[in-house]
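To keep things simple, chains are lettered A, B, C, D, E, F, G and H as they appear, and every chain counts its residues starting from 1.
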């Protein structure tokens, strides 16, 4: 039932053509989403400055290109995560301004690029192998309108590298902290700042890292207060949540 | 090395009594925390309006009472989590104004109670068995200065109970969502709002709930963007992180 | 918004006192459950012959007695699962006709007892230690209006005990099959019948049974087609699902 | 011992050529299945309208083609699951009317197509990645004689998509609900209907989804009554069980 | 159908009172176990020298005493495993000759004691904490008619204790090897003998022994050929299997 | 120290050239294996009719061929497990009489073939996918001198196929029972016989079979007495152990 | 065979009373430990300054007292781990100088106390809940002759507490680092020193700490080079290994 | 702040150009690592005779070659672990003296080769499949300046092979013991020596070895005192830790 149909129904009721029972039944029976029922529509908020997102893994290059084309008919920005070079080629055939973030395995389109929020959002990672996940978080947060500062390769086995950057740590509104292996970095960072820390375990490691379980458990058991955790390798989810948090500081 | 000692050292250097090498070596050798080195002191931020926190589990009543007494010599508010009635009795002997939050298994002292931040922080839970964890989150957020709204017993098997409260969901700055068993509530909530959702798995359930693992995995794999997760039954951690996030909206 | 309020609103609209925009907004804003919105109300179907259910574990005797009393003000039957003798005493103080099913750890009230559906619902179990779970399923199915036939202690290590009862197996509309340890019974039963088999793993066993995981995995991997599985020790869930299935055969 | 042999034996006994002891021993010794012992023959029920089923995974194309040919000598319908395009080519060389269900990874033959049962069997899935499993369930139920209605991409993060289709949900006799990641859809659906819900976890997801374990545990711990579960990715098993259940409603 | 009934049926057939069809149907329909159908009766072999076995855990003392009494009406020997002193008291009230094996947590009755098979059956264990499981195996094997030799506290961290007893190791027909913690003893023993080795993991250990999982996995992965494994703490199962094996050597 | 050297040492001692202390020290210091110390030499028993065994997986074809050649210089029979066609080609270049058991993925050489032990050793499997593991067990037992009877595709979902072969089951000295998925076959078989049953879980299955864990746990928790278990897919180990057991019956 | 018997045998051989074959066979047959074969005797090294150790858990007070008494007949020092106050009482009845280390749950006897090695052995722990394990390590190392320095409550969430003690960290020969929850401390410590670090995970934590698994995995995956790990809560093992290492520095 | 800058600052302070407050603030604000702050610099100790280490896995050949080149500009020795032949080719183009350790999958450069420490460091492994991990440990220890003795293929199923080499075992300062499957070798070795044993589980095995978990758990639960453990397949970590330990014996 569209807004127009609903108005017509009320009009017909006013004119006595339909009973009040019929009106009530119609509203009850109307599929919720066909009502102009914005509250359960997660897409509206996305349209308000947030990009549409495609998860590339498991989709063929033509599929990704087709969905991307359809979204860009009505949206001005787009994020595709977990892309391969083949995905990129297929999308770029039609979207020539698409940018490929190779390390992040992401592809973005912005028409035009949005201005960024004032507050800083920091993305840290422990080792160079964590870069793809950290970059996925950073690219996600960037296209969602945040000023992103990166601080990479600051694992806890060489504390001085991290302590060198206390200024960045303490001036960021929210910190995404990415680490594999034992996943200890978020605990140490949370002890140095008083802002929200989003921990991202990565599948980096071997043997008893069990594809990221060790890091995940480490982060869930963090002795640092204020640490919350996302799924293994979920850079996108961390960037998305961090952006939501940063948006609170600068609505 | 205290501030006074450091100043004396520089004075001695100025007067030629110690060489520049000696000054440098002294600063290098000085234990970091003995420097007036506030940046690595997580306690300062706590003192600025955040309560001191004692984890009661595994401590005897006299131990908890003693630590509480020591903290309250220098602080105006206090939170003790995971307390038993015995803990409460022991603390109240000396702190008569201590409040016992029975369901939350928490004890608080505020001298005087702080004014609350303007924005709302919502705490939801799926079933009545999740109440202790949800209340721990709510009490934590409350004493950290937040206006907390509770919405309990709104599990996904009876959606109408949740959908009845869309207004609360959509006006909160941040939502703590507590659930045991399959832990599906945070996903549903995250689909209805555009604010950060902190998911808390509880150990409620039996059999293949494995003491909360089922709920934990459900939340980590949430299809709802923006969901971050804390440890099983960690109401305190969720309330703490939510307070940090809410503080960004009203600094 | 009650039915009366909704009618009054339409009336006011008809009289021109409220605009169509106001009517639409009111219906959109109305909490869903406050609408006479039966579709998302799981309780209505329960009231149509199905008992109200209380999960007793973790509730105090007075709590269970209070909830039971409240339900029986408006309902004619009641099921409480996972009760202790203390629960039973507390409930019986006010509900003298409450029946205690000791092995099933259940308590029921029926005023008056409902007639049973014609088709048979069979509950089997492998060993005597599985009895509490099997009885929980049987009592649940019984109070939901089914003719329940029990076949206990027919584990696969003594096939002849099972094969002795082919008639029962083949005339039941649906079979609940309860087993601990290796959980092989549902596979064997499913090979002997062409009706739905609901498998219930129990936590019976020791060592590598891991509290029922072995039985659970065995049942999920059953080579017998048509086997579905519920949680470990979840006799109630199996009885409930079996009743829903049996109801299809005799609506 | 065939029926003829058994009759001959009795005849010989009547004529005094064999002792009663010999007759008894013969019956005891006779392999059970060589007796005309239909009760333990799972194939008879299959022949009564149910297709023969081949599990294609791990078999070579020639093997599948050979088994298919052999079955179709005596049967009028056939289902092959988990096929590759190579399997399909090999079968079609001899069975030109074989239909390839690409998304479902199934191949079917019906000679002629059977009339369908009247009641509806619904197959739902949460995301597009769950399609292969959902389609396997749908194709299985279809060839077993059921009227199948599909409702895909109705995950819990966008509730309105699901609530839009309350009519379908509430008119189906039985619902197969397929979901990966956190597997929350069956709980929500079970709260909206009063019919049996068969939950199918899929291996869709990454990180802490552990190849479908998260979804499996979520479903086993479902707070929705009446939910039963099959193995990860087991669309066939769910479709088979749902068909058995639907058959009860329309024998 | 008893033997007598079967004979009467044949008699009636011979006299022409029943048709051959009726005879055949009667034999097919007869519950298998009611036929004098020894092949599927696991109990007959037990009666031929093997004891009846009651698993005491989870049964009340009166229950155990009752079952024991019933068995001893028709049997001459009995084994009860996992008994408590209360079980023992209850049984002994009626069975004064019952022997309590305290370490093994077993109770046995033999009337009269059977002669033992000639070949030796060895039971080894690694540490003193493994004694209850080792003794359960030994008592089981003993009452099943085997000459049992015990070799306890011969863990691999002190090889000389084991190597001191090469004669025993090499003259036993079959060896039950019990170990907790890392469960390495069966591998070492299997390298020293050419006879079957049955490995029994125990739940002895702490931390990462995970209640016997470490020992279980160690034994399943044994590099020693000819090692087979039973469930954690399953001394009875090992003694039973070892007895079956030893019986082959001396039928 | 070789036998010759040991004799020479004693000779020298007798002639007074070395002191008794020197003799004792030499024997103590002598590496055990250099003594003619047959007890710790597992190879001698192998040479007495048992084949030498090479585990092919992870070795290159030339490596396997080289080791095979070296063994056959001094031995008359050989078993290579887990071979690929490439391994076979490489070995056959020099060992033209090597037999390739394709399903078993084994290669054997016997010069000449040994006479078989009288008693029967049965190998059963549940499904056709279990064939490679079952054949590995059968080939191993065969070359170790046993009369092997195969009974394949007798899974518990179609009991009549198994019950058809009671004669074989009850006349075998020892039974190797191979099954994947829920691994229920050994329990059922153990209930039908009174001989040792060696259960072999296979990695056949998908989803919650977890690569054979479900079958492994099922077998370890078997309610059938006398069942022992080997590692997942370890057909060789089962065949080896069964041969050791069968050897006791016919030394 | 004692030394005397061996000498007599050689004498008899020299005199021609026994053949060389008999001598060889006797030495081969002699149980290894009955030879004066010190190499496989782990106890000798213990006697050289290391205490005898009793693991108290699971032993009754009289058992512990008896074993302690027996050891102290021939030894001058003793360590009992995992003791309860009841154990202590029982031992002290006869050993009045026994010292009870309450936090460490240990009991020691030294007659007289040994001088300590010069180099320092450091024991660190992250939180106050880790104290029992840390003290067990410290007490073990102390009685084995090491100068032990304790540094407790230096978890990574408050780095300055750890960095305050760089001097201790860098002057210790070997460091035992005890931590529960996420177990990050060993990684941080290993990055600050160049000496061996032995990490001890504790079962401190809740929820996803899984009784110490999180800490254990964190330590096994430590990004800090030179970290080795012992079992969960195994303070004794860590203290023992650290003492062996420290002994290398000061033999 | 470099050393020069720090000196200049102090000079300026002495001349009265900057206040003592400014000096203090500068030292506090100075990033720790920019101070000449050797204590938190793990690299200095590496430079003192220890090689720089590159983990090759997951890096491209050009990346490894580039990092190697950069390190060798300032260092005289280099270790690259987990290399492929492609990595080796790429590095050797510029570093012609690079040595490829094929089994160890390592590449080393030494200019010139360092003299070795006097004490022996032993590396043992159980089977030939463990060789790559054992060699990685040996190559690591070798380039770190240790005299390494290898003892391979001495698994516990053939004890005589191990006991043959008691001399080596008892003269080594520290032993790295590598084993897959059940991982029993370290326990046996620890019982034969009184020196530190570092256990390395390998992923060698199949089925219930779970990629090395069985060996890892076996080693963590070792009944041999003094055993510490590293991650699965972590030959490098074991060699590194062993070298640190051996360095204590010969500083």
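FYI, a contact is a pair of C-beta atoms (placed from the backbone, for glycine too) under 8 Å apart; a residue touches a chain by one contact, two chains touch by 3 or more.
Because the structure is a prediction, the values reported are computed rather than measured.
Of all the chains, the one whose CA centre sits at the greatest distance from that of subunit D is G. Greatest centre-to-centre distance from subunit A is found for E, with centres as Cα means. For this pair, subunit B with subunit E, the centres built from the Cα atoms lie 55 Å apart. The geometric centre of subunit E is 39 Å away from that of subunit G, both derived from CA atoms.
Across the assembly, subunit B contributes 37, 40, 42, 157-159, 163, 166, 191-192, 207-209, 213, 216, 220-221, 225, 231-232 as residues in contact with two or more other chains. By the contact rule set out at the top, the touching chain pairs are A-B, A-C, A-D, A-G, A-H, B-C, B-D, B-G, B-H, C-D, C-E, C-F, D-E, D-F, E-F, E-G, E-H, F-G, F-H, G-H.
For subunit G in complex with subunit B, the touching residues are 129, 157-161, 163-167, 206-209. Per the touch definition, subunit F reaches subunit G in the complex via residues 3, 6-7, 10-11, 13-14, 20, 23-24, 27-28, 35-39.
Residues 126-127, 155-159, 163, 181-184, 187-188, 190-192, 205, 207-210, 213-215, 217-225 of subunit B are the ones touching subunit D in the complex. Subunit E meets subunit F in the complex at residues 39-40, 42, 45, 53, 166, 170, 173-174, 191-192, 194-196, 198, 216, 220-221, 225-232, 236-238, 240-241, 244-246, 248-249, 251. Remark: subunit A residues 31-34, 37, 40-43, 57-58, 201, 203, 211-213, 216, 231-234 touch subunit D in the complex.
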